[in-house]
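What follows is chain A paired twice: with chain B in the first complex and chain C in the second.
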Partner chain A sequence: MSVLSITGLNKQIGNHRILKNIEFDVKEQEIVGFLGPNGSGKSTTIKCICGLYHMTSGKILINGADVTTKRKEALSALGASIESPSLYPQLTGRDHLKLMGRWRKVSRERVKEMEEYTGLGVHLDKLTNGYSMGMKMRLMLAMTLLAKPKLIILDEPTNGLDPQAVFELREQMEAIRREGSSILFSSHQLGEVEKLADRVVILDQGEKVYDGIIPTHLMRGLEYHLQVSDVQRAIEQLSGEVGKEIRVLEKGDGWIALTIESKEQFNQMISSLQSNQISVYDIIKCEANLEDFYKTIYERSGSNDKE
Partner chain B sequence: MKYELKSIFKNKVTWIFIFILIILCLKTVLFLEVNNFNNENAKDLAYQAAMQEATIGLEKRGFYSQKHSANETKWFENMLAFDNWKVDTYRYISKCYKKNKKSVEKEEFIFNLQTYICVFNLNADPEKGHKAASVVFDKMLDQNESILKLKELPFNYEELVGNPYASEDDKAALYKSSKYSIEYNCTLLKNYGGPININPLWFLSNQLSFDQLPTVLIGVLIILFATSVMVESKKNRSIQLVELVPGKRVHIFTHYYLSIWISSIVIIGIGFGIPLLILGLRHGIHGWNLPILVDPNGFLGLKPYVHTSDWGITGIGKAYGGRKIEGYDSIPPSTLVFWPVWKFMITAFIVSFLKIVFLNLVGCGIGLLAKRYRTALLISVCFAGIYGISQYVPANLKWNPFSIQSGWDTALGGTHVTWLNAVILLVVSIVIVSIAIIRWNNKRDY
Partner chain C sequence: MIKNEIRMFLSKKNLLCLLIGIISVLLIYQFDYVAKYKDYPNTKLEEISEHAKDIETYAKAYQNRLERIRKEYPGHPKTKEAEIMARVWSTYSIRNTNLGSCWKWPNRYEKRIREAEDELDTQLVEVSKENIAVGITNLYRNTKRDWKQRMELRKAYQNMNQDVPINKVIPTGAYVLNDALSGISLMFLLMMILIIIWNFDSWAADFEQITYKVIFTLPYGRKTLYLARFGTRFLLSICGLGIMLGVLFLRAVFAYGTGFDDYVIVNTTATRTFGFFKTAWSSLMRTDQAVPITHSIGISVGVTLLFLLFAISLIHFLSFTIKNQMGTIILIAVGMISIVTYSLYPKESSAVGGNVLLYFQSGSALHGALGIGIPLMLSLLMIATLALLGIAMVWIEKREL
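On to the complex of A and B.
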């Protein structure tokens, strides 16, 4: 069952279409990465999900409740932190948790539990205007989890965090998923998304351009960089025999790159070069990653635009 | 609400507003403490003496230019003696004020009561049922003979009855109005032994009525404060916490409005409370049950007129009874009743309360709906300006809720709208503005 279901989401302001028919969902206990360059419509989509923006058309269901017609039920199943942490600078961390506990109608025991969860210790009784970004993030996360929401939305949660805080956040997100919540989070830290997300949804210019797992191994296969004695002859020899997309690398000094499907093809490639007196001076195996995948998506998206 | 109020009151902006209000109020306290009004009273009485002398001259010329019977002459000369006594007493009391004599207010009070009794007799007409003071107020006169000393006056107050020179209508009206004045002052005499100190109500009436600038500034402060709280919550993004609370969108507006409104009440309470406490500790607290003459119809009618008799005041709220109801045709004497001051203050407070609700709505709505901080503050300043200007030129702006004067002035009467007008106008404005804010808030993107 989907915790979040978005169908036909359109947002238009004047003549400018900001979101164009966005559709995706988030399943139970799923972590979905929400990617896209600046201005792609991620924040607008998130704000539509949270009921902060009106949709021009479309439907958003959170735990089965329509955000437009059953706002209270929908937001009851949602916990969100949008952009930077939103806190009252003149209140303490403890005040925030008690306040949120009152608004969300949770028990005092739960509030105390979340006070422990923050790990802020004595800092809980200090004003939040003196908190570091990491401390604010921890407090926001605790406030978001207070009512045990089914869906948690985190917009750029790693912004301003040091590596240790990022690591802790990642662990916390995994723990949240284990406890039964789903997470939709946006980030420009592709490495973090790659480590955490089960799936990614990618937007570009208001449109969804990808929704699925991160198929880096499918997309790129096994890529190798070879330094050979004769680039031109090596390309002629290998084209058609092994691999796809053989290209000359800009490194210079006889480097080429090619993708092969399997280890058998690797042997075939080496044998082919040697039998034609083409020396292989160096071989580097390249792991494909989300960044490459991301670039590929945008290259495709750009090509589609030109067409 | 505890945490929301804590957040508002820990904000420096809030304390700036409190500070400004306290300064405004303490300025009034200082004014009251420093000015004892004795010099002004002295001048006023000297003027009255001069006017009375001129009147005597006219009366004499008029009377002696014609022939009269012996009785008429006797009556006239008795009345002249009354007028001359008034001139001498005005001058005497004027000198006492100049010398800051301590008992001057009591002496003036007794003099005024004596004058009301004489005027009452002057306009009595036993044949028409308007009996003399010795009949109508016989018990009071007996009980207070040693204070009033009417028989020691240099004229015969009982022989003032039977004025042949005034019209029947004038006599009837003055008879009734002076009757009220006697009743009012007798109440003071009976309950308080004379003029009373109405401290610290005098501070309130001065702050909210006589000195218009503080009244106007309080309204300006309310609008600006409400907007600034909203702007602060948007700047520090704490508003997003409220926006994401499960509930309808209207909750966002009501949440902020309620906390801002309560804060305004607290700020006004602090701003007014400190001076009231100072005056109360220094001069005591009196006057809540002071009788004030009121025409109740004036509250519920739609035609504005002065329908209450304000008390005469000197010094720190000392009252020596209601003034004569001059211009009696503005208040139908037959409809006058005595109200205790606290009852009057409740009617005044209703208008003040509605004004605070309305002005907070305006300020809160601006802060909530304007997209940019500077736009919000600019619009707020504009509305504060509209309010300020409307306060000074209200006569042409009958349907403008910003033009409604202070609750105190509106309850007293004589403003451009009646009390009922003001209440209806404010209630309707509150409803319209609330609906507009809620609808706009529901439609906008946050």
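On to the complex of A and C.
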């Protein structure tokens, strides 16, 4: 069952279409990375989910409840931290948790549990205007988790965090998923998204351009650099004979970089080159990553625009 | 939700303002009310000495006029009027001199002052009955309406076998409450300032701190969130003002008693009319009535409460719309200055009566100076508040946050 379901989401302001028919969902205990360059519509989508923005058309269901018509029910299942941590500078960390506890009608025991969870210790009784970014993030996360929501939205959660804090956040997010919640998080830290997310949704210029698993799982180990005796002939051979499954990425003085779709094609490729008297002096296997995939998506998206 | 709103309202800033407010109240009592009370004899002495020469002049003039009429126009129809005026001015001249002496030691000569005042006013009954024009002579000691009000008050006190207070500004508990709620006093200004300080950041602070994202992603409707905050802050603001007025009242009672047996003048046209009326004193004079001060306080409380409900709803709406604390407070301050300045100038009743923003002046309203009946005033305040809240509800729902 989907914890979050978005269908036909459109957002228009005047003549400017900000979101164009966005559709995706988040399943139970799933971590979904939400990616896109600045201005792609990520924050707008998140704000529509949280009820801060009105949709022009479309439907958003959180745990089966429509955000527009059953707002209370929908938002009861949601915990969100949008952009920078939203804290009252004149209140302490403990005050914040008590406030949120009352708003969300959770027990005192649960509030105490979340006080421990923050790991802030004595800092809990200090005013939040003196907190570091990491401390603010920990407090925001605890506030978000207080009511054990089914869906947690984290918008740029790693912004301003040091590497240790990022590592801790990653562990916390894994723990949250184990406890039964789903997470939709946006980030520009592709490395973090790659490590955490089961799936990514990528937006560009208000449109969804990709929704699926991170194909680097499949791509990992399938990019090669070959040192060959004749680069031009090797390219002609691979393009012609073995076919479209092989894609030449780059070429240089005596080497080519290429990707293949499956390991089976590897032998075929080497055999093809050798049978045509093209010597292969060295083979280097490259680790592909999300950044490469991200670039690929945007290149493809750019090509589609041109078409 | 309500507990949270209470917690947020009871911030250090607001509690500090309440403390400053209480201290200010005590200072206002001492340096405004008590000072005016103690200075009242001097004020009266100044008034008496200022008019002394004029009274002398008019007394001589009317005496001369009488003698001339008798000598040159015996049996003239104006003879009776001339006799009355000559007698009245002559008494006025003597009494005025006596009053000047008595007011130097008001505590010692309280009874004499009271008698002199009584006689000065009583002798004008004949002048009024004969419909004699007094022009600019100030015979009635201000207007005829003022004279009639003094007569009404005297009658009311006499009916209750009470002495008329000679010092009109004795700062008893009831007096200071009545004045504080009148809308045109330093106390009321202090109250309005506190209302603004307590409420201007009700939404603007959340927008500046970006904590509005926390609030508006809670599982409550936007209208519910807005009304909960508005309602809680209104009630707590009233409690805060109540504490201040309570301190003022107790301070006054401790010094000069409750004053609940005092009387004040209200205009029954103002208290009973559901509509607008002319504010000319000649028409309002007939319906002035002395009532126990508690009645006046009760009406003022009602008017003030409804006005504060309107004012706080306006402040909350501005705070939500402008989303900026500085912007909100500047706009409110400019508005307040404009309204106070506008209210100081005399104007036609139609201009005043229709302006809800001027309804803080319950004292003026009770005297008929606003030209609108209090029942209509209360209704318009309620309608304006509901309209404002209605607009706010629509605005909140439609607004992108």
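Simple rule for what comes next: the second predicted complex is superposed on the first by the 248 of 307 C-alpha atoms of A that agree within 3 Å, B and C clash if a C-alpha of one lies under 4 Å from a C-alpha of the other, contacts with A are read in each partner's own complex, and residues count from 1 in each chain.
To be clear about the criterion, a residue touches a chain if its C-beta (ideal position, glycine included) is under 8 Å from a C-beta of that chain, and two chains touch if they have at least 3 such contacts.
In this text the structure is predicted, and so the values were computed from the model without any measurement.
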Remark   = So, after the overlay on chain A, do chain B and chain C clash or fit? They clash
Message = Looking at A:Arg71, would you say it contacts chain B, chain C, both, or neither? Reply first, second, both or neither.
response = both
Inquiry  = If we overlay the two complexes on their shared chain A, which of chain B and chain C does A:Ala80 touch? Say first, second, both or neither.
reply    = both
Message = Looking at A:Arg104 after the superposition, I want to know if it touches chain B, chain C, both of them or none. Which is it: first, second, both, neither?
response = both
Message = A:Arg178 in the overlay: touching chain B, chain C, both, or neither? Say first, second, both or neither.
response = neither
Inquiry  = In the overlaid three-chain picture, which partner chain does A:Tyr53 touch, first (chain B) or second (chain C), both, or neither?
reply    = both
Inquiry  = Applying the document's definition of touch, where does A:Pro89 land relative to chain B and chain C: first, second, both, or neither?
reply    = both
Note = chain B and chain C footprints on chain A meet at residues 47, 50, 52-54, 71-76, 78, 80, 82-84, 86-90, 95, 99-100, 102-104, 143
Key: Contacting residues of chain B [partner chain A, same complex]   = 3-4, 6-7, 10-11, 236-241, 243-249, 443, 445-446
Query = Which chain A residues qualify as touching chain B in the complex?
reply = 47, 50, 52-54, 71-76, 78, 80, 82-84, 86-91, 95, 98-100, 102-104, 143
Query = Touching chain C in the complex: which residues of chain A?
reply = 47, 50-54, 71-76, 78, 80, 82-84, 86-90, 95, 99-100, 102-104, 143
Task = Give every residue of chain C touching chain A within the complex, in rising order.
result = 1, 3-4, 7-8, 11-13, 209-214, 216-221, 398, 400-401
